[in-house]
Amino acid sequence: MFMSVEFALTLAVMIFSLGALGVMLRRDPLVMFICIEMMFNAANFALVAISQYLGLIEGQALVFIVIAVAAAEVAVGLAIIIAIFRNEKHVDVDAISQLRG
Amino acid sequence: MLLSLILWSPLLAGLLLALLPAEGFARIRQVALLMSLIHFGITLYLLRHFDPTLASMQYVERFDWLPEMGVRYSLGVDGISILLIVLNGLLTPFAILCSWKAISERVKEFHVLIFALQSAVHGVFMSQDLFLFYIFWEASLLPMYFLIGVWGGERRLYATLKFVLYTLAGSLLMLLAMIAMAFIAKEQTGHLSFDFSTWRTLKIPLEQQRWLFLAFFLALAVKVPLWPLHTWLPDAHVEAPTAGSVLLAGVLLKLGSYGMLRFCPTLFPEAAILFQKPIVIFCLIGTILGAAMVLVQDDFKKMVAYSSVSHMGLCVLGIFSFNLGGQQGAVLTMLNHGLSTGALFLIVGIFYERTHTRDLHVYGGAVVKMPLLGLLFLPIAMSSMGVPGTNGFVNEFLVLRGAYLYQPWVGVVAAGSIVLGAAYMLRLTQRVMYGPLKSPVMEHLVDLDSRELAQLSILVLLIFLFGIFPNLMLSRSEASVHEGLLLMMRGALPNAIP
Amino acid sequence: MAPDLSLLMGAFMVLAADIPLRSQSNKRVIEAITTVALGLAAFFVIYSWRLQTTVVGTVFVADHLAALSKIGLIAIGGTVLVLVRRQGQQSGLLVGEFYALLLFSLAGMTFFASSNHLILTFTALETFSLAMYVLAGFRKQESYGREAALKYFILGAFAAAFFLLGMVLIFGAVGSVEYSKIGEVMRSLPQDSPRAMLLMMGLLLVCVTFAFKIGLAPFHLWVPDVYEGATTPVTAFLSAGAKIAGFAGLARLALNLPFERLSLPIVLGSLAVLTIVLGNVGALRQLTIKRLFAYSSIAHSGYALVGLVGGGSGGPAAVMRYVLIYGLMNFLCFALLTSIENGQRNATIEDIQGIGFERPFFGMAMAIAMFSMAGLPPTAGFLAKFGVFKVALETGHTKIAIAAILGSVISAAVYLRVLVALYMRPKLKEAATPNWEWSLGLSVALSSLLLIYWGVLPGSLYALTAGL
Amino acid sequence: MKTLYLVLFLPLLTAIFIRLGGARMSKRAVSVLATSSVFVAFGFAIMSFIALSRIEPPRAATLIIFEWLRLGSMSIDFSLLLDPLSAVMICVITGVGTLIHLYSSAYMEEEEGTEFARYYSYLNFFIFSMLTLVLSANFVVMFIGWELVGVSSYLLIGFYRTKESAANAGKKAFIVNRIGDLGFVLAIFVLMGVFGSTDFNVILPSANQLGVGSVLATTTALLLFMGAMGKSAQVPLHVWLPDAMEGPTPVSALIHAATMVTAGVFMISRCHAIFELSPVAMHAIAWIGAITAIFAASIGLVQNDIKRVMAYSTLSQLGYMIMAVGVGAYSAGFFHLFTHAFFKALLFLGCGSVMHALHGELDMTKMGGLRSKLPITYWTVLVGCLCLVGFPGTSGFFSKDEILYQVLTSAHGSIGLWMVGTLTSLMTAFYVSRFFFKVFHGKTRLDHNVFEHAHESSAPMAVPLLALAVLSIGAGLLGLPHFISHWQPFEHWLAPVFSDLVRSEGHSESLGLPIGLMALYTLLAISGIGVCWRLFANVSETPTKIAVSFSYLHQLLWNKYYIDEIYDFVFVRTLFGMSRRVVRWIDQGMIDGSIHLISDSAQSLGIWSREKLHNGYARFYAGALVFGTVLMLALALFTN
Amino acid sequence: MGLVDLLFGILSAAAFGAAFGVVFTRNTIYSALFFVSHLLCLGVLYALMQAPLLGVIQVMVYAGAVMVLFIFAIMILDISDFEDDEIGERPKALVAATALVLTFTGMFFAYTKGLTIKTALAEPAHGLQPLDTDNVVRVARVLFRDHVITFELIGILLLVAVVCVMVMAKRRLEN
């Protein structure tokens, strides 16, 4: 009942949207970034479910690649965040809004 | 290659001028004048060797240009365009002469732009490929944009942006219509084409014709300018330097009416007939309201500018009367308006140089101080109000007759403009020239110098010449106008005319 | 694959050379390596120009479209080098890492343009995006640079997630994410079957990311901020590079997928019109030149997209011409901006006010650039716009064309405003003085001439895109 | 016939020459040149006249000068037509013109050299225009002359161009004339449409094509008459003529009495073939003429400005002529035109002479007793006045009598018209004698100094007065009543022109009516003069009393029925008010308003995008991305 | 409903709950810990869905390496006391969450035309062996044969990431 592609896809979409919401809601850049990772994972989850349903191993290979890419992205992202918050004392994305207009 | 020579020689002259040192104002002016006169000579040569009995294009030059889009570099002149080309050749020396003293900054750039404008305008009149036409059409905007924006009056920035954006908004729609036409040509002849002669042979369903016609017409109407799309004109004129006004009224407005005469009826005959009535009504409103609005202006230049609205309304009326007389009258209107309104703008410039104001409240009684101008002012004013003996009469007569032939009531209403025309022109004359000297500004007027005298008297001579011998011009354009009408009738009523 | 590999090799070499050379001569060597790498890549592209399409391992194609975008990208790389020469010192760009990242991100873009498979597209996208995030924030000593990097990164990653979800959905509906297979399946499905719908949803999500990268409204909000925060050479690279790569990707989608069978034309058309309007009106009141160019970059994305509303026939060629010409205009604009930029302050329109006649070279080049941006003949910008409008009309999207063309009027107001300032307003006390380094001057002259040349004789441009 | 070239172009060439070079010539040279050129033209006109008389009837000769305009198959020539009608006209024009030129040389001598030259140039130009008008062989050339006459009249009325009132009067004259011209030009279009030509030779003989009594014919006739109304200053287009007195007095004599204003009568006579087709139009014309006659005469009763009295009298006489042609009495109307040309020119010149003597004084209430000071003027003006009053034996008597007789007896005429005409005749007698007595008789009311220095003017002014006085008397001989003489040179001469008219009534059937009428008119004239003698010959309180007791009527007449004010209110102010509103509401409000609205909304959209959209918050940007995605998905979903 | 199925359901619920926790805890470090548990749940779910290799990688790379990085960063920045204001207004945030989740999911269902998502998916390949037999070999085969270029590009990508981190982390770039 639970272990069906419908359930998995629905769950994935819900988690994905929860992640998107997190990005919009949270002001802590690290949490925002975690939420983005969550969205990646939701997509991965859906991909695994689909590849199981379709019986295609390629889906799993794609997930593998995505995980690798995500890992690289995390490294860069954390570097950027750290570079910023070494200088600013507070951690608030909304405060980083000098560029506008 | 004669047409290419005429087309490109002003631009070349401009480039040559750009090489001169920027400081020698006098030399720059002299060289520019000389080159423009030589160029005018070439256009006269063209006129002389033009065969007025042929309706078809002459001196045709045709090369592939952008074969991927079926665009060709294709030039040619017929009886309509040749007159306008000569007019363009004629007015440029005037533009240079009238700026002799008025323009004392960036003289070189000024003249380069004048020449660039001349080339672009020539291009519009010569192009037989609509793509090429469009390029020149847009290209003619840019020099005028700078002429107004750099050398203009106080509100020049507003005026020049208004002018460009107004015109651009219209012409971009025309561009779309042109592309659509090219595809229709592709459907019917197998290859993309912007060639005017090809387009004339297309059979376009009425549904499509409507939209294409409107797109073309709107773009051209903005340029003419036809009421209610005219509000850029007073602003542009008022702010433009004298040379700019002369060229704007003299040739740039004619781009619109020329396009209407050339394209609207021949390419979209059925739509043209369909829209004839509303357009005629707009022309009437423009002619009458334009004239009425002149009456209440207090700015010398604005009066002349609004009179252009009125005159050009008549011109379009002539075109859309769809008969030989009306269209011939329209052609004449284009030329005569160029002469008379050009001369009026010269006069505005002459006054402005002396008084530094255009407010008619301080004008008056100028004739005491400037008897020579008084002598020359009159024929120009008379030409503008269409008094017999001057050129203005002929075109007004022909256009009104054309309107009358279309529908008598149209002629009656349009004829109202001859009364209003007299009213505003006489009012203008009186407020400027007659009455007592009202203000100290006018006390220091000096009469025309020889340069100004030469300019105005040449124009006055032409005004009389074409008023007394209108056939000089009419005979040149008749065959072409006739041909255009015939084509249109054939398209609109295929059964009526074999 | 040779061009892509030579770019990568160049990047490696730069990295390798950067370690031992820590002296002043370092810059020269690294610049030389980069130049050679670009040259080599260009050579390979041109060498293989006439070769048949080759497919490497089903995911990578080297076809005409790829070659075209690669040549464009390499040229962009070259122009960035020119800009860096003039401005690198003050922006702190004259370091090995910059050149390496430049080459890496160029390589990522070339892969992106060659990709025939969504997963490679994704990987390549991430490759050049990561490099770009950091390039945007290269001026990390300044808060502007850092802010640009952060915004670009968070939003970029966020957008990438949508790509991923879209890819998954497409995989679900098709069983593969290879472009040709997607296209095949799509053609075989009735338009409103659930599979086709799911496929479309996936495709739209993928498009979100493309739209984000090329700055289409409403995904364009980051563009001005990031462009302003980045140093000028990087901004030039971001706007032109991302646009060429992004549109190459979209063009490849259009070539493989039957756009017209979906409601994509309407969606893309609305995006295009919205982008044109928002981009142009946004630029109307900008004073900072760089921000103005950023908005104009947005608007131009909109115009280029107009060429794709009709899908694969004729569209990709027009769009590629558009972005190539845009790249040229973009370079010209930023080169002019670079020439007057001194110090840290962003140049404003008031800085160039009234200097047009005194600095005729600067003035003329700016005039040409602005006319071309506004799409007035006889510049290449006109032909570019003409091309995309033509496609839109050819495929029957008249309304979109009309809306886009009315947007052009606003854009004319934007660019003419610059010229108004340049020529028609009085000069201010602190007016900028253009400062030409020889390569900058030369390239400005060449690109202005090229804009005019292509405006008058675009035959060579058409030859380049023939057969797309 | 080649002499016509000289008749026509001599004045033109002189005009151009004097205008361009006159400033460098002495005043004497200018006046001699100008006068002699018109005189020579007069000589050639006489020669043409004689040459024409040698041609067998129908006497007409056409002269094509050049092809003016060609349109498809239609060609409009600049061509001249010499027939009895135009031959008379050219003689009158050049003849009176010569006299006026001569007179002007003295009258204008105080002007500066350049102004003097300008004056003569305009005057010669007027002669040319008028000759073009009358000699035209087709409608277009006639229209050309028609308009040029208007132009030269504009120039001459506004001759004192630094005077605001003169400039205004010139402008008014031209604009009002243009209203008439509008009708004329439309009539030409109708005729061109029907006949495909504008030649008189083509149109007039076959005018029937318009259809007898048809709407088309009526329309055409009325449109043509509209032109005539403008030129001949018929109600309601009469307003320009009194104001035209702002011009120099000789100009008033030449243009606004003798020649230009009669153009309408000439034109109707010329085109009578068209008018005859429409009884409705004829009635309208006759009545408008009658109304003009009595209307102007009634105003003339109370005016004090001597030139204005003459102007209203001119209006009134023009009304007679129009009434005459309106009832189909073309010869009679034309004859009155002919005689009126002499005696009215005479009267104007007389007024000029008085003005000249009194340094520009125009108010008759300030004059009086000038008989002794200005004997020549006195006697010549007396002749003119008698003619105008219609005193038996004068030319005016015969011509007016003929008109009223025809009005009563013609098929188009009616008793109503006749009564109006007769009443007018009485009024005329009254105001003319009032003018005469007030100016020349009684005690002088002039400033003593002025009165003492008043003296008869020099020979150049006296000679034309005398010549015109002789002509005024003598011209009557050319058209004596039928029962007096069978020698009818004038009617006989014009007969070929009007040969197409079938006369229903003969002249010689009965003697009773004509003689009775004549007696009546004589009685009326004498009683009018007598009453005036009582009232005005000596200073008395009676006129004032009368004026007071009829003060409303007096005010009405004094203010010329408030026509100028009404026009000003109804047309001028409305037009200006409307135009201002158009500029403010439509041009600036609606059109520019919407343009500005577009640009403003683009600007405010820009500001909105700047402040609300690009607000710098990354989270907002992310939200916009999500929002955009949802929108995109929804759009695709709903349009699929 | 078998045991595996039940396990799947429970883990799914846990994953969702953890995801919810990530978004709605105020404290950054709690969010991170919720995310770790979310990833762990997913790892097990992968294993349940015939992807044992991915399950292992998920736990090792994601829940292990990546999250260590995160927590490291949190600690470095010492921002554990930072609390989000918006999350402070939970009811509002919850409404927003529900709305967005419903919108997205609803959109998804609209596209798949209802809850029977299967009809929107491609035809499953029948008769093949389950994916978890020879799982590693088969993944590797796809990865190194079909996607070798992508795989190589990942290598480049990692290198790029290294350079990027270097650029961002160095105090000054110039010598």
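Just so it is clear, A, B, C, D and E label the chains in written order, and each chain counts residues from 1 on its own.
Everything below uses one rule, namely that a contact is a pair of C-beta atoms (placed from the backbone, for glycine too) under 8 Å apart; a residue touches a chain by one contact, two chains touch by 3 or more.
Note that the coordinates shown come from a computational prediction; the quantities given were computed from them, not determined experimentally.
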item	value
Chains touching both chain D and chain E, listed by label	A, C
Any chain that touches chain E and chain C	A, D
Longest centre-to-centre distance from chain B, chain (CA-based)	E
For chain A paired with chain C, centre-to-centre distance based on mean C-alpha positions, whole Å	27
Between chain D and chain A, distance of the C-alpha-averaged centres to the nearest whole Å	96
Inter-chain centre distance, chain B versus chain C - centres from mean C-alpha coordinates, in Å	42
Interchain centroid distance [CA atoms averaged], chain B/chain D, Å	37
For chain E, residues that touch 2 or more chains besides their own	100, 103-104, 107-108, 111, 121-123, 146-147, 150, 154, 157, 160-161, 164, 168
Junction residues of chain B, two or more chains touched	165
Numbers and ranges of chain C residues touching at least 2 other chains	119, 123, 126, 130, 133-134, 137, 140, 149-151, 154, 158, 172, 175, 197, 200-201, 224-225, 286, 413
Interchain pairs in contact, sorted by label	A-C, A-D, A-E, B-C, B-D, C-D, C-E, D-E
Chain E contact footprint on chain D (complex, rising order)	626, 630, 633-634, 637
Chain E-facing residues of chain A, complex	1-3, 5-11, 13-22, 25-28, 30-31, 33-35, 37-38, 41, 44-45, 48-58, 60-61, 63-65, 67-76, 78-83, 85-86, 90-92
Of all residues in chain E, those that touch chain A in their complex	1, 4-6, 8-9, 12, 15-16, 19-20, 22-23, 28, 31-32, 35, 38-39, 42, 45-46, 48-51, 53-54, 57-58, 61-62, 65-66, 69-70, 73-74, 76-77, 79, 82, 84-87, 93, 96-97, 100-101, 103-105, 108, 115-118, 121-126, 128, 130-131, 135, 138-139, 141-143, 146-147, 150-151, 154, 157-158, 160-162, 164-165, 168-169
Chain D - residues contacting chain A, complex	610-611, 614-619, 622-623, 626
Footprint of chain D on chain E - complex, ascending	100, 103-104, 107, 110-111
